[in-house]
Each structure stands twice: as C-alpha cells, then as structure tokens.
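Both of the next two complexes hold chain A, though its partner changes from chain B to chain C.
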Partner chain A sequence: MTIYTNTIPAPKRGHAVWVIAKKEISDAFRNRLFLVAMVMLLALSLIAIGLGSVTVGQKMVEYNQSVKILTDLGRTDIPPAPDLNPIAVSKNFINYLAMVGALLAMILGFTSIQKERQAGTLRLILSRPVFRDQLLSGKVLGNALLMGVLLAAVGLTTVLAIGIVGKVALTGDQAARLALTILMSWLYMLTFFLLALFFSLRVPKGNQALLLTVIVWLVAAFIFPQIGDTMDLDNQLPGGFFAALGMDKNGEQQALQQFKWYETVRDGVEELSPTKHYERISFALLGIKQGFEQNTWLEVLRLKAVNLVGLIVPVVLLLSGSYAVFLREETYQV
Partner chain B sequence: MALPAIETESLTRKYGELTAVDRLTLTIDPGEIFAFLGHNGAGKTTTISLLTTLLLPTTGTARVMGFDIVKENREVRQQIGYVPENVRLYNHLSVAENLRFFGALSGVDEISQRIDNVLNLLGHPEWRDLRVGAFSKGMRQRVGIAQALLNYPAVLFLDEPASGLDPEGQRAIGDLIIHLNHELGITIFMNTHQLSEAAKLCTSIGIMNHGRLVMADSLQHVIQHFPDTPSLEEIYLNIERHENGSGKLSHVEGVLV
Partner chain C sequence: MKAAMTIARKEFQAAFRSQIFLTITILFLGLSILSVYIGSTTKQAEMRIYDETVTTLQAQGAAVLPAAPEIHTLTILANLIEYVSIVGAILAVILGYNTLIEEKESGGLKLILSRPVYRDQLLLGKLLGNSAVIALLLGIVFVFNLVLLVLVGGILPTMGEVARLLAFLGMAFSYMLIFLSLATFLSIHMKDSATVFLIALVFWTMSTFVIPQMADTFMVNSSVINGISGAVNQLPQETAFSRAVNYLSPTWYLRDIGGQLLQSAPGSGGLSAGTLAAHSLTALLALLAPSAALIAAGFASFLRNETLVLE
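Up next, the complex of A and B:
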C-alpha cells in the first residue's frame, strides 16, 4: 500500500484572508435584509442627489439666461457665476447615511458572525490552514470593501449627476472635499459594523448581541445628540434664545463665555456620538456648515481634526476589542 | 523506517481543574486505521481537537506527519482532513460552493476538477449543484468527508463518523473509510462508540477512560490477549470495568494502566 503524503504547500497568510473576504461579499448579496437596506440607502441618496443636481442646473440655466439678456443688451458688466457649491447636494445623503447607513453596517456586522454561529462552520474553517486573526481580518476586509464600494458608487453618481444634470464641473478642491466626505462616511459605517461585530463576538446569544448593538446605536446616534441639542442655550426659545434677546453673534459668544463649563459639558455629551462627529466634519467639508466655505479641504481637515479623531477612535477601539475577544483560544465555538 | 503518522508524548489538556486528556503517549503508523474508543467525556474529542490544532495542549507534545502541533500548526493543518461529529456546512450554498470555499482555504489548485474527483470518489457526482440545506445527516457526513479530502490529506480525523446514521449510512461510511485507507493509503484516526464498526474497520485501537489511555495495540493483539472474550465489545467493557473498579489488567501487554 502506498503511504499518502500531502505535497501541497501551505498557502500564504494573506490567501485565506482574501478567500474569506470574497465569501463575505458574495454572502452579503444573498442577505435579503442587507439588500433591502442597501436599495433603500441608494434610492434615498440618488433621489436626494438627483433633486439637488436639478436645483443646481436650474440656477445655472437662470444665470446663463441673465448673461444672455445682458450680453444682448450690449452690457459688459456681466456678474460672476453664482457660488452654487454643487457638492452641497450631498447634504441629505449625510442625513440618510447617518441612519440607514448605520443600520446597513450593523446588519453586516451582526450577520458576519451570526451566520457562522448558526451554521456551526467555525470548527471546520479553523481546521484548515486558517487562523483566528486571518478569519476575523477576512471578515472585516470583505465588509469594509463592500461598504467602500457602495459609498464610492454614491460618490461617483454624485459627480456624474452634478455634471450631467447640474451641468457643473467640480473643481479639484470640491472633488477632494467630496472624496473626503465619502471617506468619513466609510469610517462612520465601519464604526457601526465593528460595534455589531464586537457584540456578536462578545455575547454568545445572538438576540442579546443584537439588542445591545441597537441600544448603543440609539444612545450614540440619537440620545447623545438630542441631549446636546436640548442643553443648547440657543435652542431654549423658538427662533433662537439669543436672537430673542436681540443679541448678535458677538454678544452671543460673550454671553456663552459666562457659561463655559456648561458649554463644555454640553459639547462633551455631543462628542460621545460618532454621528455628531460625522455630521460636523461632513457638513464642514461639503461647505454646508457656515464658516468653512473659504477654506481648502486640507484646512477643513485641520480645523475639524477633533471630529476626525472622534471617528477614528471608535473604529480602533472596536477593532482591537473584536480581535481581543476572538483571539481567545477557547471561543472556537464562537 | 517511515515516520509515525501521529506521535504524542505525555499530551495533556486541562480545563481548569478538569483534566480532559491526561499524559497521552501514543504512536500510530502511517497507513493504519486507528479507532479511539471510550465513553462520553473520556477525552476522545479533546484529543482530536489537540491533534487537529484546534486546541493548544496544556503540557506535552504531539507530531502529525512529523510536524509539531504547536510550532508547525500550519503544516499540520495542511497534512490533515477533519470531519467533526456533526458536519456543519453552509446550508444556503450548494455542495460545490461549500467545497470550493473550503478547498480555497487550503490553497487547492484546479478546485473544480478536484471537487469532481472527490464527489466521484464518494460515488455521488450528481450532488455537485444540490443545496446542502436539503441533505440528510448521512449525506452531510459524506460531504463532510469530501471537504476533508480536498487538500489530499495524509491523515484523516473522523469524530464519530457513523454516529446517528441508519445501517445503510453506516455501511456506506465504513466502505468509504476502507477505500480511502486501502486504495489511497490515507491514515485514519477515528473516534467511535460503534464497537462493531471499529472491529470491522480498524487495524489498531486505543481505549480512553477519564482522559487516560488505558490500552493501545493492534486489533489482532488485543483479541489474542483476551482469548476468552468473544467480541471487541466484551473486551472493551472488561477493560472499562477493571479500570473503574478494583481489577488489574497491567499484566496484559498493551494495557497501560
């Protein structure tokens, strides 16, 4: 009898990561819940971007008509083109992504582990030349790529819609701002993907893991910002507290100096929310938030560094936490 | 002389205070069909988990096809195939999709061709595009063996391969094990409760009791040592009785108590 000996060399470490990542992507497209959330997000985003681009296009048509009338009249003092800030068409996309995007990311994070738990396939996978860190890396990579491609598609659609429907070409700075907004959106989605992944790994029962994820999401995405808004002195009266007192912006700033500790606490509560960080930096990048219109994309990043850190820190913490939980030897049953 | 297929030296695994595998020293030659017998909780599955590198030993060493299970665990995994007691696959995928995924993890080239080969070996090429979710336990068990064969393993670990199967299913699995060993030369290490199955298939046996190996020898020697005992079942029960009671078997060659 011939004695069998395996001569296939062990694959490189990155090989298994890529195989698992590819499976994550193909599995996502078999997940009905994910597909529904993705279609909802894309539909909302495309409608918002489309309508915004139509508005930009109408303003450009009006401007061009004015220019034509003035030129026909022989006037030479043609007014400059209006500052339309075409990338502001993504404003509603930010609002939708803050909610539907987070939900979509949580679906991916939760099912990523839950499907292995339900199928009981982890033991079989780990009997292959695959190690726990590679398995988790593959899952994170696959889902991160999926979310990245989804967001890149939205970004590309925005550029095309602005160009084709709005008939406006983006400047280099505007394109960079839009690309950075997409990057911030990816970090934001990654936060909630990792939140669901972490709880799925940490809590053995799927329904408890899901419940915890949703509770943390509600607190981080809605309750903290709501507390911040409620505590905002200017929100105490309709139309603005300071405006009601007849104060201008300077007066408002001076008055707030008297309540510095209060403002610090209020701001601190808001900064516990990744959603708030995401909105603040994205609105600044898109030029929706006043005061950043004249800055370059790099200056906006510097001015909003706190918010950038506020998006990166949860990603790092949740990723480290997920690895720490999963790499414990005895959790091979998941 | 060929290296042992499996060699353990005082292999021990503890879970807190509980010693699941206690100083296991064992040698299995290439080409053998080794049956690991023992009651529930005897430490058989923990031993397989250690040898397949799913668990780390507390103390002791083990080598599979010459590779250390701790220091060279990637190489060990490349040399083995593993079929758990309850084969769990992705129900939403077809047999071929499941096999493609597990084969890809092992870096198997020309995977489609290999999938056809293993399904032909099983005698069920028609299963290729069927969804695993609709399969019976016996069918899953065979797909589990197919996935374990994808990477041309030198050693196949089977944890209770015929457990819960009807007689027909048990016979099909038994025939497959014999074929894999006789025709392909694959060393088989299997945990089993089925003493009749062990008597029919194996070339050597080991008996575990409370984490300790109480006997390991060729089937032929075991039967010779107990001439008055009619079946392997009786031998097994005798050994267990003596191990758990006051009887001594240490005068018998191969008995390690």
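Up next, the complex of A and C:
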C-alpha cells in the first residue's frame, strides 16, 4: 500500500521574512494617512533645505563678488572663503522630524499589527508555515527599510540642494556628519515605530494601544524636554538670562556651581527623552551646537556617546519587548 | 432640551469610566502641580543669581547695573500654557474621537435614534457633556493652581491676578473645544476611531509645532549690545510674514495671549487692563471661530446623514 503524504515545505527562513517585509512596504503606500504624513514631512524638509541652500548660495555669491572686486583692484590679500557650514541647512529638518517623523513612525507601527487584526489575517498567516519570529522580523525589516529609504532620499536631496542651489561642495567630513545625522534620524524614527508596535502587540484593543503610545510619546518627546527647558535658568529670557546679566560662559559656570543639584535633576529629566538625545547629537554633528565645529565626525560621536546610547537603548529594549510579547502570545491562534 | 441634557450627563459619566482618559487627566493635573513647583524654584534661583551679580558689580563700583528679571506672580504658572497646548489638546481629542463611532459599532446609535430623540439633540448632548468634562478639569486646575501658589510659592494673588488666571483658563477652554469639535466632526464622517484619532493628531502637530516652526524660519535676528559686558546678543524678531504664518495656528493664539495673561511675555506686566481686554477678546474670537465652523459643519452633515441608520 502506498501512503501519500501532503506536506507544505517550509519556506527558507530569509525568504519568508523578505516576503513579509515587501508586503509591509507595499501596504504602507496604500495607507492614505501614512501618505499624508509622509508628503507633509518631505515637503517641510525640502522647503527647509531649499531655503537654507538659497541662503548659502547668496553668501557664496557675495564672497565671490568681493573676491572679484579685490582682484580687479590688483589686491593679492584675498580673504578666505567664509565658513558657511552648509550642512546646518538641515536644522529645521531635525525639528520637523522630531515631531512629524515620530508621528509617521507611530502610524506605521500601529497599522502594521492593527490591519492584520482587523482583517483577521494574523491567524491566517500564522496557520501557514511561517514562524512568529519571521513574521515580526519581516514587519520590522520592511518598515525599517521604508523609513531608511525615506531618510536617505532626504539626505541625498540635501547634498544635491547644497551643491546645485548653494553652489558648495561638501567636504568628506561634512558628508560623513550628514550621513550620521540621517542615521540618528533613522534610530529616532525606529524608536517610535517600535513603541507603537510594542503596544499594539501587548494591548489587544487597538484604540487603547494607540492612546498608550501617544501618551508615552507626549511624555517622552514633549513633557520631559519642556520640564528641562523650564528648569534651564538661561532659557528664561529671550537672548539668555546670563547674557542679560552681562555674564560670559565662565561667569555662567560659576553661578551654576551653587545649583549643581538643580542642574543634575534638569539634565536627568532631559536624559529620559529620546527627542533630547536626538536633538543633542544631531545638532552637534551638524555643527549647529557651538563647540563642535572643529571636531571630526568621529570625535563628535565620542563626545556625544551618551546621546548615541540614549537612542540605541530604547530601540533594543522595545525590539526585545516586542519579540518577547509576540512569541509568547497564544491568543492569536485561539 | 431634556433629551440633550440626559445624553450630556451620560457622556460626562462615561468619560470618567475610561481608564485612558483618567490616566491622561491625572497626567494633566499632575503636570499643573509640578509646573507651580518648577516655576517657583526656577524664579527663586534666578533672583538669587541676580542679587549676587548686583552685589558683586556694586562692590566693583560698576556704574551700570543689569535690569532685574521681570518676575510676576503669575509667571510661576506660565508652564500651564504649554501643558494646555500639548496635553490639554490631546485630552480633548480623546474625549471626542470615539463619540459617535462607539455608538455606531455597538448599535446604540440606531437604538437612540429610534427613540424620540432628534439627531441635533444627540449631537448637542454629546458636545455639552464633553465640554462639561473639559470645564470641570480646568476648574480643578484653577483651584489647584491658586492653592499651590499660596502653599508652594508663598504668594497671595490679587483679584486682578485671579481674573487673569480665570481669563487664561477661558482661553484654554476655547482652545480645547477646537480639538473636541474636530474629533467629533471626524467621528461623524469616519468608521474607524483610530483613523479619527490619528488625523486629529496630524492637525494638532501642524498647529502646535509645524506652523510655529515655519514662522520661526521667517523671523529675523536683531543684534542687541549688552550695556554691561558689551557682548552682542542675537534676538529673534517677528516679521509681518512670520506673524501671518502664525495666524494659521490656534496654538499660537493660545501661547500669545497666555504669555500676556500669565505675565510671562516680555512687557506683559505693564499692559493696561483695556489693552489686555482687547487682546483677549481678539484671541477669544480667533479661538472660537474654528470650533464654531466645525460644530456647524458637524451638525449640517449629521442631520443629513442617513447612512448611520441604514448601516
């Protein structure tokens, strides 16, 4: 007697993950809310970068005109080109990404699970030869790639805008600083994507998961930095409190010596916010924050290692938490 | 009107049965307490540094002394402006985003509309109930802040200061009403409450961060030379264009009038009662206009929408 067996061969591990990742990307482009937020972020970023590049271009034109006048006059003592720091045009992009980028990432994280729950496809996928870790890896990979491509496009546009509109070529160090800023932006978006993913997996009711994500976002991205800003003594007057008193940096440091505990608490509150870490390291890399202009990109990374860790730790924790929750969850099959 | 009041009462009670709503309410009230403490501590530290600086300069025989920092009683409560614009707005969205969708999903809407309740009464009741929740919360914030001002700050506010705080909370109510009416309007038109919430969140992000950030881009820096150190400070100054951009943001109106009422904006302490009243009236109208438009549009579409019963 011949026994026929009908088994479905398990797909290769990498293949299943890649199929799910590709589906995540194509699904995102069918989500109207994601498209609205993405267009908003891209438009704002491009306007900010474009305006910044125009300013850089104007300064270069002014410099070239001065050089021409001096040369025509037969002068040989031509002043060096002004230090324009062209990558600082990304300053507003950082501010927009801190808000709209986080929102975009949360939309992706929430809909990634919610769409499957609503359509009942989570059970269907898990009834096929796809392991839970493959499913989750595919979702994370697809969305991480999508955010990466989006940010890389903004980075590339920045380089082109500085070159074409601003007429300035980036040095190797400036290009590395810009690339690292894009990497930090990706880590920042990934944090909020994983936050939404974690709550969507942890809390069965979709609405509750979304509201919890938003509450954590509010606290981490707005409340903590706001408390920090309020406790910043120098931040209380336009132009700076210490500057209004006629104090230089040394005088400010001396005055703050007696409020060391206060400054420690303020710093501690700010350290709890991924948004603050993102702003601090990005502004240092872009040379917007004073004191980092002369450092190389590697030195900036070393000096801002705390902020880098502050961006990586939430990603690792939320990713581990998501796997732990999803791999142990049995209710989807029931 | 009786039917509307019954629905309003039900909405009011339902809000306090939601765990998420209670969580964000506690966050809102907790932050308002914290703001008094932080505000008071920061201002005390500032005054201490200022006094020490003046003493040092006098000992050195300096002819010019820095002006004392402008610290008024209500400046201590200035953080409240940010907490209303951030947490308050989200709280209002949470109150409104599920208002009608929940009833649609549970079938309660059909049931209510099969009773002698008109559609306008139903919507009015829901808006009244949720507005009452906002008013109650702001009332608690008002009492909390006055008590804490006395207990933590050690300051007894004057009647004028109490009136300013009350006026600010009136502005806060109008501001939160915008987000409540937006979420309610969206919940009339949409089937999925999560989408309603996310769309409202996009609008809020635009109003609170994106538009003010864009306006900042169009500001110009003016150089101010410090009379003591001779150092040059850059101060951002509004331009006609940056102001025009800000007019698009309800949050900007709240921050602007909030700064004047709570005396945190430079020069706001010296504003006459008449000027302040005129500014407040303008801001109030600007804050009420979006709510009025959204509520009117909400009524117009809800009264004509037949699909709610047919679904």
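A few points about this structure:
The working rule: the second predicted complex is superposed on the first by the 316 of 334 C-alpha atoms of A that agree within 3 Å, B and C clash if a C-alpha of one lies under 4 Å from a C-alpha of the other, contacts with A are read in each partner's own complex, and residues count from 1 in each chain.
Basically, a residue touches a chain if its C-beta (ideal position, glycine included) is under 8 Å from a C-beta of that chain, and two chains touch if they have at least 3 such contacts.
Fair warning: this is a prediction, and the values are worked out from it, not measured in the lab.
Judged by the touch definition given at the top, the superposed model places A:Val36 against chain C, while chain B stays out of reach.
When both complexes are overlaid on chain A, the residue A:Ala28 reaches neither chain B nor chain C. Applying the stated contact rule after C-alpha superposition, one finds that A:Val140 touches neither chain B nor chain C.
Ranking chain B and chain C by residues of chain A touched puts C first. In the superposition on chain A, contact is made by A:Thr121 with chain B only, not with chain C. With both structures placed on the common chain, the touch criterion links A:Ala16 to chain B but leaves chain C unconnected.
Within the complex, the chain B residues that touch chain A are 2, 30-31, 52-56, 65, 74-75, 77-80, 82, 84, 86-92, 101-102, 104-109, 144, 147, 151-154, 182, 184-187. The touching residues of chain C, counted against chain A in their complex, run 20, 23-24, 27, 31, 34-35, 38-39, 41-42, 45-46, 48-50, 52-53, 66-67, 69, 79, 82-83, 86-87, 90, 94, 98, 193-195, 197-199, 201-202, 205-206, 209-210, 213-214, 217, 224, 226-229, 231, 233-236, 266.
Chain A makes touch with chain C in their complex at residues 33, 36-37, 40, 44, 47-48, 51, 92, 95-96, 99-100, 103, 107, 110, 114, 206-208, 210-212, 214-215, 218-219, 222-223, 226-227, 230-231, 233, 236-241, 243-248, 255, 258-259, 262.
Chain A meets chain B in the complex at residues 1-11, 15-16, 19-20, 23, 30, 115, 119-121, 123-131, 329, 332.
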